[in-house]
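As written, the chain order gives the labels A, B, C, D, E and F, with residue 1 at the start of each chain.
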Amino acid sequence: MRSDRQVNELRKVTIETDYVKHPEGSVLISFGDTKVICNASVEERVPPFLRGQGKGWITAEYAMLPRATQQRNIRESSKGKVSGRTMEIQRLIGRALRAVVDLDSIGERTLWVDCDVIQADGGTRTASITGAFVAVVLAFGKLVDNGVLKKLPVTDFLTAISVGVLPDGKEILDLCYEEDSKADVDMNVVMTGQGEFVELQGTGEEATFSMQQLQKMLSLAQEGVTELTHLQKDAIGKWAEVIDKSSAVKEK
Amino acid sequence: MRSDRQVNELRKVTIETDYVKHPEGSVLISFGDTKVICNASVEERVPPFLRGQGKGWITAEYAMLPRATQQRNIRESSKGKVSGRTMEIQRLIGRALRAVVDLDSIGERTLWVDCDVIQADGGTRTASITGAFVAVVLAFGKLVDNGVLKKLPVTDFLTAISVGVLPDGKEILDLCYEEDSKADVDMNVVMTGQGEFVELQGTGEEATFSMQQLQKMLSLAQEGVTELTHLQKDAIGKWAEVIDKSSAVKEK
Amino acid sequence: MRSDRQVNELRKVTIETDYVKHPEGSVLISFGDTKVICNASVEERVPPFLRGQGKGWITAEYAMLPRATQQRNIRESSKGKVSGRTMEIQRLIGRALRAVVDLDSIGERTLWVDCDVIQADGGTRTASITGAFVAVVLAFGKLVDNGVLKKLPVTDFLTAISVGVLPDGKEILDLCYEEDSKADVDMNVVMTGQGEFVELQGTGEEATFSMQQLQKMLSLAQEGVTELTHLQKDAIGKWAEVIDKSSAVKEK
Amino acid sequence: MRSDRQVNELRKVTIETDYVKHPEGSVLISFGDTKVICNASVEERVPPFLRGQGKGWITAEYAMLPRATQQRNIRESSKGKVSGRTMEIQRLIGRALRAVVDLDSIGERTLWVDCDVIQADGGTRTASITGAFVAVVLAFGKLVDNGVLKKLPVTDFLTAISVGVLPDGKEILDLCYEEDSKADVDMNVVMTGQGEFVELQGTGEEATFSMQQLQKMLSLAQEGVTELTHLQKDAIGKWAEVIDKSSAVKEK
Amino acid sequence: MRSDRQVNELRKVTIETDYVKHPEGSVLISFGDTKVICNASVEERVPPFLRGQGKGWITAEYAMLPRATQQRNIRESSKGKVSGRTMEIQRLIGRALRAVVDLDSIGERTLWVDCDVIQADGGTRTASITGAFVAVVLAFGKLVDNGVLKKLPVTDFLTAISVGVLPDGKEILDLCYEEDSKADVDMNVVMTGQGEFVELQGTGEEATFSMQQLQKMLSLAQEGVTELTHLQKDAIGKWAEVIDKSSAVKEK
Amino acid sequence: MRSDRQVNELRKVTIETDYVKHPEGSVLISFGDTKVICNASVEERVPPFLRGQGKGWITAEYAMLPRATQQRNIRESSKGKVSGRTMEIQRLIGRALRAVVDLDSIGERTLWVDCDVIQADGGTRTASITGAFVAVVLAFGKLVDNGVLKKLPVTDFLTAISVGVLPDGKEILDLCYEEDSKADVDMNVVMTGQGEFVELQGTGEEATFSMQQLQKMLSLAQEGVTELTHLQKDAIGKWAEVIDKSSAVKEK
């Protein structure tokens, strides 16, 4: 049994905006002791495969400071290559963000989203997605305020949360590092504010899971996502209403 | 609507064993026009992080011949690095196989599983997992026949299949390349012969999906998995019965 | 003494065309247990050093599946670099093919030739060249049939074979892996259908060879080349006659 | 003329200790808008060239978050190599720290010092050294408190500051990014608490400087170093007195 | 005490011009047993960051033959990356040369300066800078002689020398390898013919140095620089007078 | 027709021994304007694949200074990888040297042979082999003189020379760069002092060659090899006689 919170309870989540001064959107997000700086930068061009099509792109990069973890990790720049884990996570973040942004309406621009974990305690990828969404809204918001874009190109909220199954068979929400290490099943769920799935990644760690367990985990994830969406609304201020309207339209 | 088969129908699947002569287990698997050589090689040592623990490991590598696809791709050895997509797939294959192998009982050995796509038409990762399982069983079977292992260290069958949602909202099983390119949702499901989930990876491609769509996709996947398991049983001959018993025991 | 064939006898050689569906030319060639997939792909541009000169280029890449050999080799994409052996072989294949193709008449196009060894038992480079030639003819033939090229830009046949000297001083043709491992001298001969040399690479392996031994080896090579040219003619069908005429003209 | 401070005035400098929870020593240091996380990690072994000698080592790594600067920089892990600028800075940090630590008395241990710039506005290397020193003292202090080391192996304080010459010929202390960009001369001075030089790196940027200008710059640097040493004393608490005694002994 | 020369004495320095035939400027310089080939090559374009600005660039590369040193070093091309030490040195050489060349007057050209150490005995970077300057003058001189440039774009002489402090506290000029290995302080000074500083890099090697020691070292450096400038004048012949006039003008 | 020498005439060849002071064997060899530094270094261990077998190894590395050629080449250390051409050449040099050294008698040592081209005008690989042989003899000679080896482990002389066919059909010996650029056929021949072949590499450059042309080229090569062997004898002094005896024994 969890000592400090209920199985369906999130850790304390905080979102601090304008954390660093240069980026168009900058956020420090905490899921308990997991802390991630999420910066969104606007670049006035797109990758080669999109040139001349009049549409934009969002790409994400993810990294951890070497001592974000209990043991120091070798820096990926020193190793000269990005690990498979890092690649998976940054591809996931970019794909998830692109699902709620209308890329056709942002012109030939790239939004670079950098998620840098300064302290890790489980759930770095879900914190990254949840924080990155806020940084993206702030960056696009700035482009709207500056008259570069006519309207906010964001079609819905986007949050992510982990769920899992402990060895005793108990399903839990928002796993910290210690829980994650011993869990039989680890699932990351990315959802919109409207409750639609964007990504679902469930993995048995030398174990498997049943349809019934899947249903319980998805139900826990739904609870977490609702709460995270509220926190995002507080963080983005005036843009919350704009997205609410936009997603309601999409719904129909 | 699909022209050549039902929405819940697999493409023609064939499994040719002993395809190449050197590996301990070797398979050529076809899912329609997708053809993958799956070779399993036994190495008499384990990676550094496992040394001295008396247990074994399974690791997988995945690649495509440059012209397996409609357009020629640059060889990853020429680029000097493995793409994020390749890393994701080979990590997935290895993780999935480890879920149905009793690593504690194989001694300090590594099973290298190489999945090389010689022709691609969608579903290369699901064909790879399904074929790799057969190669793994054959390789371990050889170790049992040679007296190196006392019993087959395989606890259940393992198959993988893709499901998706077309733009018209129709859920389909086993997407070919053309379907995959236009699908709104793409999901890969890895399951045991007992119907348990090993991996679930669903992705909205600049789109999202509902709980209802998820349920329909999982139901289609279940149909495909049942059929693939039958084909695996034919391919592995005498070992099918051994695994059936082993998985029945695990069930209890 | 060889147990299974004469010193001047080739292993069983087979050439299967249209092996893979996407490439413009595709061949599976076997020299005994050595099996190589040779794919020729047309790209509608040339490398930077040739741009604007109105002529084309042929470039080759060579690789082995990790378990093509008795011991598994580490994948070159994982190592992040191509070995010296691989580079030597692929440079040789490309150079040899360019000697029998009229690059001035193919326009600003590159023919990429991929030779991927799926099973190795000695002679992979000679099988690659011999098979690649067939794939190249089929690819150019398709361009002629489609009206892209006016005539087949191939000036002669091109085959390759290995010869060597065993420790007992006996010269032999077409060495399998076991023979190659113990040979004192290893020579690869690339020749045209007209009996001209394209490449000659003889190497004493911590040994040397005399002028007399060289002459005997070249004589054996000539026998092998004649037979391989016949097999190529069968494989390329209607194009055989075209090349015969073309090489006869060149002769004068 | 500087608008906001005197030519011999530092920007506001703050040192926040225990910034991140895992490292043995962790500091967030600010020189105005320049912010650097300095983490010190203890590893229980030394690099190969020192093994078996009974002494320890200190090594430093330096990096900037991609959007620490006005324009986003490509991540060095994505480029696959560390830039010359990064290498120069991290070699400087390590060398400077080793000058005030008694490596013979720390056993076969490595102290890894990671300086990660989260916001940059000039002077990132001097802020890194000044902050890293505090992190190092805290890390060694923890080893003393835990009984691993008998006494603090730090022989003196260590601070660094930049000085320069503006195009109008005026010497200034602690250059911000804008000043650094236009300066004719840029010099970084690393000094001990006793006023000895550890490193001196002066560079004319397509310009030169006279002996007289050098003297004025060194005088300004001395002023800055005195102030920074006071701030370090406040940050390290009880260890300040220990180092004062240690450096007084060394003096004699 | 030095056995073979005074503390303020240089080793025998020789400068052989036109050492290799292809480069526009080529020099073999010796500082005692340290021998460096310095080649200057003109390229008719500039790096991307300068394109279209009508000005030129100078860039330097530095390397050592593997057996230039007592122990053979692994070739940097084999390691696949350039070491931090190499990067530091080549950045220093390029920066120093740019301080005495009028880049605005050379058109959109790059001067590549290659310093290759064929035998090393301490002071390779100072020999490189001193020799590179001569190669640069010869290369630009050739452009003037050919009418490509109107006048020599060199504003002053440029030489470099090392100074240091031995463990006995004695300051010395131009350290050989053995002296360098045991010195407490190592400083490289780059100066113009007019006695202005271009670069100053002083390093305590697990040691520190006082203001007084700094002054003595700078005084020794001044002596060495005067002598080296004379040797450069002899080497460049007619161009010496041109630079003398140019630097006199700059002085005013 | 050649303006400056006969078709069967070598360029002026010089061999300067003890060129650089640190290596066990050091040679500067010139074939006309082609100049190569050949250094042989003894390392007291062997590569992993030979450990514990009591025998030694010879490995070679080859490089060109960036401006050894008419156009400056990018440094391979900057590119981060060694080109295919470089690999081919250094593999050839190592293999050739191993053919005339008794590796069983040198103990577990590696001889590193570095061939660095400082000026190139055709024939760099043949000059490298011819010079490397002398450096190797001098290095082993030093080991004999020092009592480390009982006898010189060199079984025969080793020289290399290029031959080719010009477009007018004329066969020539020892091609300079200009001749090499336009030749139809380029062949490198490595031979022992006894006239045995070690390596034979003939290449038609978008051309082919007949058996008759091959014979003429081999005859020219024989003439060149005889002359080069004489020059080697002069360069190695007392060791010439030792090798002569050794090769006479081998002959029988």
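Observations, loosely collected:
Keep this in mind: a residue touches a chain if its C-beta (ideal position, glycine included) is under 8 Å from a C-beta of that chain, and two chains touch if they have at least 3 such contacts.
No experiment lies behind these values; they were computed from the predicted model shown.
For the copy pair chain A and chain E, the superposing rotation over Cα atoms measures out at 120 degrees to the nearest 5.
Averaging C-alpha coordinates per chain places the centre of chain A 52 Å away from that of chain C. The distance from the centre of chain A to the centre of chain F, each centre being the mean of the chain's C-alpha atoms, comes to 61 Å. In chain E, the positions touching at least two other chains are 80-81.
If the chains shown are joined wherever they touch, the resulting network closes on itself as one ring, and no chain has more or fewer than two partners. The touching chains form a single ring; listed from chain A in the chain B direction they are A, B, C, F, E, D.
By the touch rule above, chain B contacts chain C in their complex via residues 20-23, 26, 33, 37, 39, 41, 43, 61, 63, 65-70, 72, 75-82, 86, 112, 114, 116, 118-119.
Against chain E, in their complex, chain D makes its touches with residues 81, 84-85, 87-88, 90-91, 95, 98-99, 103, 156, 187, 192, 194-211, 214, 218.
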